[in-house]
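The data blocks that follow each hold one structure.
Heads up, the next two complexes both have subunit A, just with different partners, subunit B and then subunit C.
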Partner chain A sequence: MTTINTRMGDGSPLAMSEDELRRDIDDGISQAVENASVAPLNKEEIEYLVELFKRPDRIVGVEPGKEIVLTYDAATLKIKRHALFEDRVNALAMYERLLGADTLELCHIDYSYKTLKPIVSYEQATLEQALSVTHSPMFYGAMPNLGLYTQPDGPFPNPMELLPMGRIAEGRAAYDSMVDAAVEDICFISEIMWESGADGINFDTVGASGDPDFKASLLAAEKLKAKYPDIAIEMGMAGEFVLGMHGEMWHEGVRLAGLYPLDQLKLAEKAGVTIFGPVVNTNANESVPWNLARTIAIIKPCGERATIPIHANMGMGVGAVPVTDYPPVDVVSRASKAMVELCRLDGL
Partner chain B sequence: MSENIYEKASRAILEHDEELALETIKIHLDGGAEPMALMNEGFIVGISKVGDLFGSGKLFLPELMMSADVMLVASQALNESMPEGQQSGYAHVHITAATVKGDIHDIGKGIGIALFRANGFTVHDLGRDVDTDAMIDNAVKNGSKIIATSALLTTTLGEQKKLEDHLKKAGLKGQIKTMVAGAPVTPRWASRIGADIYAENAHEGVSGVINAVREG
Partner chain C sequence: MGVGDPIGMAVAHAQASGMGGMRSAGDLVARVQLAKKLRLVEAKKYVADKIKVSVNELSDPVIMSEVRADLGFGIMMPLGGTPKGLECKFNMARVLDLEINCLKRFKRMAGL
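This part shows the complex of A and B:
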């Protein structure tokens, strides 16, 4: 009997039989169908995944001609996690020349639009330097991070304190105020960095604070697009569904809480977003085949129905990549190949 | 088919209907039935469904909080119906809860705490980015039987091991049990560091603590 060597979602090694592999793939698909109301993968797609995991190769890749855009968000922050203390401009050049990045993102360690306001003039100068030593399209990016708008970090009452006390209306009113303030901050920074020469603006980890976070990002995209019709906006999501922290927040007649990637994409397209980054979270307690089958079932409809480029999030803890500091290349390359070849993606 | 009393109790939680919950308790107790049966077969089933729906994005935080409130009312009402000395409430069980040092993520912790409180536990919420020794000090001061920690980052996971080490060093390991939770936390990690309870979600956390309390 063939033993298939793969990983758990926390990166630990796992040996499976083919039957076990097939069972995990089927379970992952069923979970996607149940949670995200998507269609199951077809027989050919399942066989593709089985063969992919059966391959003995340590690293796999896409066939020539099927390469797609490789983009990185918050790259200058991530390089520091590996104890490479390069300054941001050099780090971006390294990503472009050594790591195959097709787009770049300049960002600050305080990776939230709100906290960038007092230092934006310094960011303009760094952007100028970064643009002068690189060639790839350069985004400027940060998180909407509505968590920073509530007490004690911000001016508004904290819904996480109000809601458990049953003060639902007050909690929701606080979220409404936070959205308005966040839209102002996102637009303030985006306008300055766009006018300073950034090739695009990245809204990263959208929805990290739930439906108000997504609402603020959609409104900011609309506002920016109205002012600068040519602006490029990338919207990368935080999780596979929008957490309902408010629960009754709507946009374009759609309730935001609980939306899965395809419905998120439709709203992003309407808001004028240029590139959309869907996310499926990795479950550390399930195998990589389980996670990958589930991820593909959820992301595939985005690739099939999008009218804008889709750059799926593939990194530690998302896109079936294990939740571990150094995701192993055997499963990262398998997940990347399958996502590109089965989901019709435009970028990773 | 008509709805039985347990299904009604479960629905009261799902629909966060306090009146229905109290009415169900009255009917159940008037019929001379065992109070805890309604809790275990009805209300806990309801709150578990709420947890599952929240986990899959089909029910949202305000509703979760409202269901937790009804759960608390139901648990208090059932407890009061039991004779002194037989009350099975958990108010005497104190839990110290925190997000570990270096980690500011507290959504999951907030949900877990709401569910613990709904089940009648006394929770001391220390917030986020909390120093290990501050957790131990708080647990000792309040007589907490459990220290529950959440870590969302692979880089902050190590703080959960640090807690185990500090408890051992202080001679408190075993007297104070530990519960670990968070996206990168797995049963394997819990076992490696010697944590007493692993919780994949808020509901599992509550069941784990209930079992730990029963075991003593």
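This part shows the complex of A and C:
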């Protein structure tokens, strides 16, 4: 009997039989169908995944001609995370000319639009310098991060304190105020960076604070597109469904709480977003084949129906990539290949 | 893509499924996605037609390094006397028939 060597969702090694592999793939698909109301994968797609995991190769890749482009959220921040104290302009040149990055992203270590306001002129000057010595398209990126808008760090009452006390209306009113403030901050930074020459603005980890976070990002995209019709905006999501922190927040007649990637995409398209980054969270307690099957079933409808480029999130802990700081290439390359070839993606 | 450990993440994805950035034409295809909201197939065809190569050749580092050098688009190991940075972006904007945002600022600041 063939032993298939793969990994758990936390990256730890796992040996399975082919029957166990098939059971995990089927179960992952069933979970996707149940959770996100998507169609199951067909027989050919399931066999593709079985063969992919049966291959003994350490690293696999897409067929020639099927290569995609990559965006790198918070790229310069990741250099600092390795305790490499490289100037950010040089770090971007390294991404481009040592790592072969298709796109670049300048960001600040405090990766939120709100915190950038006092230091924006320094960020602006760095961006302008970086743009003059690099070649690849460059984003400026940060998170909407509505969590920064509550007391004591921010100006508004904390709904997470109000809601458990039954003060629902006050909690929702606080969220409404946070949305207005976040839209103003996102637009303030984005306008300056676009005027300074950025090729695109990245709204990263959208929805991390739930439906108000998503609402603020959609409104900011609409406002920016109205002022700058040519502005490019990438919207990368935080999780696979929008948490209903407010619960009654609507946009374009759609309730935001509980939306899965395809419905998120439709709103992003309407708001004028240029590139959409859907997310499926990796379950560390299940195998990578389980996670990959589930992820593909949820993301595939986005790739099939999108009118804008789809760059699925496949960083650590999402897109079937294990939840570990040191993702092994055997499973990352399998997830990369399968997502690109089965989901009709435009990038990662 | 969220790049954690670059070897485990950025390099793994780049090797498994990436176009290769300036090693090939990944940056050019990405530029077209951003400027024209084109999906991958259409963006690749747009670039291939403009620089007169086949779609499959766009991901070939040997062919594309020569094409990039000829067109002044910038290469991974730039030699002295060759276009770099903004100079390459002017060449890309002309050949690909694209507006590149930072060039508008450059012209404005330089009084051109």
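Quick note on the criterion: the second predicted complex is superposed on the first by the 347 of 348 C-alpha atoms of A that agree within 3 Å, B and C clash if a C-alpha of one lies under 4 Å from a C-alpha of the other, contacts with A are read in each partner's own complex, and residues count from 1 in each chain.
One rule holds in what follows: a residue touches a chain if its C-beta (ideal position, glycine included) is under 8 Å from a C-beta of that chain, and two chains touch if they have at least 3 such contacts.
Everything quoted here is computed from the prediction, not taken from an experiment.
Partners subunit B and subunit C, brought together by superposition on subunit A, fit side by side with no clash. With both structures placed on the common chain, the touch criterion links A:K337 to subunit C but leaves subunit B unconnected.
Applying the stated contact rule after C-alpha superposition, one finds that A:E222 touches neither subunit B nor subunit C. Of the two partner chains placed around the shared chain by superposition, neither subunit B nor subunit C is touched by A:D263. By the touch criterion defined above, A:E123 reaches neither subunit B nor subunit C. In the superposition on chain A, contact of A:Y72 is made with subunit C only, not with subunit B. Subunit A is touched at more residues by one of its partners, and among subunit B and subunit C that partner is C. Residue contacts after overlaying the shared chain place A:G61 against subunit C, while subunit B stays out of touching range.
Shared-chain residue A:M160: touches subunit B; no touch with subunit C. Legend: residue contacts after superposition of the two complexes on their common chain; A:D185 is shown touching neither subunit B nor subunit C. Judged by the touch definition given at the top, the superposed model places A:V318 against subunit C, while subunit B stays out of reach. For the pair subunit B and subunit C, the minimum alpha-carbon spacing after aligning on chain A is 11 Å.
Shared contact residues on subunit A (touching subunit B in one structure, subunit C in the other): 81, 316, 325. For subunit B in complex with subunit A, the residues that touch the partner chain are 56-63, 65-66, 68-69, 104, 106-107, 110, 113-114, 117, 154-155, 183-189, 200. Those residues of subunit C that touch subunit A in the complex are listed here as 1-23, 26-27, 29-31, 33-35, 37-40, 43, 55-56, 59, 73-74, 76-77, 84-86, 88-89, 92, 99-106. Contact residues on subunit A toward subunit C in their complex (touch as defined above): 59-62, 64-75, 78, 81-82, 95-97, 99-103, 128, 131-137, 194-200, 230, 232, 274-275, 306-311, 313-316, 318, 321, 325-329, 332-333, 336-337, 339-340, 345-348.
Every residue of subunit A that touches subunit B in the complex is listed here, in rising order: 8, 10, 12, 34-35, 81, 147, 160, 163-164, 166, 168, 171-172, 210-211, 240-248, 257-260, 281, 284-285, 316-317, 323-325.
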